[in-house]
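Two complexes, one shared chain (subunit A), two partners (subunit B, subunit C).
Moving on, here comes the complex of A and B:
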């Protein structure tokens, strides 16, 4: 699966040729200098993944180092008894709503930053950068008070708004970078052909922004999916909570059910790992195009 | 940061081609949703934190609420050893984490930037923990460090170490144990950003250097590193702020323990406001944390001469 969806960025095709002709063979990096450290690091990366798989798939109490005989009892248990089914739905809702809201709002703002000079622009840019230093964790109390005033405590909307707000500044900076990479003359040409600004944007700019939007949107989704503190604070109903909160509950129990914890962890990881496997190449191109100029 | 904004400005400001196509109000309309959200849910909370830092404010003790002047700050600097302890631990945590993540991330990026068989798979696997949340990282490492069935048990089976050791509950091992867990998730962040930046180094430079007989180490020092400098400065800064503020991992992995051994300043603030309901004092702590972060960031950007080179 992964081999096929994570091809190396653009230059991969040209590179081997260049390497063979441009560099003398004695000057190539010796293979062991690549494979030895890579293998060591891969062990460090993969053993923890294997460990959680092992605990999720082997029967409770087993000390075997291979998950055989394989069982799905932990998944069934965590999905129904520990309400991970409900948490999963809630997390999907929070993730998707944050994705849509962040992308739309950041797209509008990013376009303004990329294409116009207006009086408050510098101030606004500065505010965006400064907001990177504002820790969401330290604003829990005032945020809680605001959402209480809006009677949004215990509603998933509060988490969506909080996640979006903290995702926005970086998303907007990134998107305005992507838009700047699209020549303004393309849009102007469309105007000459009779499009208004919105149509021109839709048919000329938007298709070119796809890698950037995929990067920003998936970022927003993954952040909202993973983030723990807002959900913990703003949602007290068990039926409203999200997967990270569910995991924390499993971990803070007096005697931790390791099998259930591992199965819950796999459920938490799966969507995110799949999203990243699919978008990885977009991410690298997206970042090298946008972030540097951000 | 003002410098960064200036650098980022596009060389040629867009022209106003047609007056009708660019009404003066349009940019403001476009940024309005973002601006309103940020005003309401970032700016206003920040201001209210500043306000409450000058108040006695505790919902469970309403009779004592009211203006406190600088009392909270006096208490903080003069009578609160926990403030100093947690701030020291935060600093130690940030420096160790960011330093090690940068080091390993850079090495990893250089390795997977080479051409070799299995590169795509290698990249995908090496980067994979990046997407994993703090809470899930904790869950994974709780399983690994568990004294009954964790990795220590199997190491003990093999004659390394002793049975029944739990690295997370022993004050002498909890710090490295937590550092390793966070490294596992943090290194890919640097590796990805640095790899992205490596794509834009001109191949001609290396070829020219090779013609001149420069060794690979010299090429790294004189071509790669200067090219990466701004990206490294910016990513270490963002990461440092992030590591300072992020409480997910330590909250769930160690809960700040054992015996307060791994309590960072934000964790202490969260405890003060959530468990002790002392919003006024927590706000004062938050204000001080802001000022420290901002000051350190400015000093860091100045010292590193961010954006100073013309490249």
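Moving on, here comes the complex of A and C:
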């Protein structure tokens, strides 16, 4: 089989300077016109983060605009006294378990949607899309009752299942888009070589889905990491709470320890920032690949 | 059947078996959790007075340590009873109760403040405590005003919580700034307005006052309004007094401070922003409650004082009621005897004193309020005196109305912002508020019958 490859687009630099369209080349634009707006935007984005860092690193009661003398007392306080060490571990568990479960189930469901035609397939896709319009709070009581019947209240498993259920529709739709982009002929070739469907999927399709898996997995992880409602409602034991609930406990009805809150916020944000720093390359590839065919 | 197909079928059977086994193991592993029983319809029972009870703290996190000490003392005294502590964040406690009332999983004992008491009690989740209190060592040792507030907030004349503490509106002021400007303390409204004007110097980013324009603005505005108008009752028959001409005039004067003597960003002030701004800036006065004492102490130690709501020039102090915190016994409890023992212990002299000392609030136990720490903590002492003093008139806010939270928050906080911004007059705002309150009161009376 011959696959036609479209010619690569010419680089913008090939366009002559000062064309009749009036567009200027990149080199012609004064640097300040690029850097000033970018700096303003960056300041606008980063100042709140600086504020959080400031509160987290300066001593309680200080009004200094620089975190000096620097102290880690707030981090120590939230990590030990306010049990953020435990909350962090629980959040990691919930995040990773949701990631694995969502990815595995979304792969299976997405494959079925991409490769098989079955009755009510369009209706099923529509139902998946519609489920995105239902807020989690609306299903809180039924979910609570279901988990209660299964004796799963106050177990991290309940949060993992609830998060997975809410992540699955979007993840399945995304994964099915990625799978459709993988030529079916590749799988057929693997079958000819003696693989069954599962082996062909594992050996041939799965490696090509890496950007998509990273996109879906990271979304599932970040969503589960940040989600507050299910952890608050389904977990009661202090030792099973997650980071977002822990952050909320730093604000009482009429008093807020801003230093501790800022330190807690940094602890909560750090894993998400690290995850995105490592996966951003795949994430962008993943979303653009999934966007070709939905 | 070819051998490859047979292998495939065997593999798929193995996979199905593995999934089934995995599910069973997962469900077994999680089977040690709470079964979530105990919704509002469950009548519960007295139980043996031993075993495990669950306690939900409605201000979890900040008060966790002191509760754990009290629980440890309780378990020492009653070794047959174990208390499972659950700290629920203050901002989310109402949703947690509502979900548990509908779905099950209510605790045996829970902290319920008067601001949410009506809603929880109306759903039939709480046990009336009048008989238990009258037969308890606590009888006669609980602040009568607090008890009255709790009873009123329950909505049907019954007592649903044992009061443990009360907060009180406090006007915090910077003693260093007042001294430098040679101003008298803002103990009267006249002094308050004079100081607000004198301490404002916008060029230096100094302001006389910070007003609450965001979340929680209504209660503060009502406090300032009734405090100045001197009207001592929220109701005149079945009509509210909020839009009385005297209150309208008082509110106009109060909101007139906005931008003139306050930062313009105050229109979005919730208590967090307001307190942070006061603690780190140059602002003369702040109206909040006793709860922010610890934050001020960290930032402004030795440079601030707190006084109750200012008085009229004749010395009369009028203030609105503040939520009274209390412990409720849940109707669905399977061990009410043990749960009640815990409530009695937590509201006793020693425990109540310890808790309130930690929180900086006014103890409900009349023996605890006489303890040395109350006398040496000026804001708490003044608040206790104001709450118990004969010269203070307390306007009871209608916490018993199931719609009170909606009316005083989501319905009218945006309107108050419009008043600050000059887009709505004080009279229009108060007339709308009055219409909603009158309708809610009529509805409540109709349904009560």
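Please note the rule applied: the second predicted complex is superposed on the first by the 255 of 294 C-alpha atoms of A that agree within 3 Å, B and C clash if a C-alpha of one lies under 4 Å from a C-alpha of the other, contacts with A are read in each partner's own complex, and residues count from 1 in each chain.
In the analysis below, contacts are C-beta pairs under 8 Å (C-beta built on N, C-alpha and C of every residue); 3 or more make two chains touch, one makes a residue touch a chain.
These numbers come from a predicted model, not from an experiment.
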Room on subunit A for both subunit B and subunit C (clash or fit): clash
Partner chain(s) touched by A:154 [first = subunit B, second = subunit C, both, neither]: second
Winner by number of subunit A residues touched, once subunit B and subunit C are compared: B
Partner chain in contact with A:249 - subunit B first, subunit C second, else both or neither: second
Which superposed partner A:238 touches (first subunit B, second subunit C, both, neither): second
First, second, both or neither for A:38, with subunit B first and subunit C second: first
Touched partner set for A:82, first subunit B, second subunit C, both or neither: second
First (subunit B), second (subunit C), both or neither touched by A:140: both
Part of subunit C, among the options 55-63, 253-261, 271-279 or 289-297, whose backbone runs into subunit B after overlay: 271-279
Interface residues of subunit A shared between complexes with subunit B and subunit C: 63, 140-142, 145, 196, 233, 248, 250-252, 256, 258
In the complex with subunit B, residue positions of subunit A that touch it: 2-3, 6-12, 15-16, 18-19, 22-23, 27, 29, 31, 34-35, 37-38, 41-42, 44-49, 51-52, 55, 63, 65, 105-106, 108-109, 111-118, 120-122, 124-127, 129-143, 145-146, 161-162, 164-166, 168-169, 172, 180, 184, 188, 191, 196-197, 222, 225-229, 233, 244, 247-248, 250-252, 256, 258, 261-262, 264-265, 268-269, 272-273, 275-277, 280, 283-284, 287-288, 291-294
Of subunit B, residues touching subunit A in the complex: 1-2, 4-5, 8, 10, 13-15, 17-18, 21-22, 24, 26-28, 30-31, 33-35, 37-38, 40-46, 48-49, 52, 104, 107-108, 111-112, 114-116, 119-136, 138-144, 146, 149, 151, 153-154, 184, 192-193, 195-197, 199-200, 203, 207, 210, 216, 231, 238, 241, 244-248, 251-252, 255, 266, 269-270, 273-274, 279, 282-283, 286, 289-290, 293-294, 297
In the complex, subunit A residues that touch subunit C: 60-61, 63, 81-82, 140-142, 144-145, 147-155, 157-158, 196, 198, 232-233, 236-238, 245-246, 248-258
Contacting residues of subunit C [partner subunit A, same complex]: 4, 8, 11, 26-27, 29-37, 54, 56, 59-65, 84-92, 95-96, 99-100, 102-105, 113, 167, 271-272, 275-276, 279-280, 288-292, 294-295, 298-301
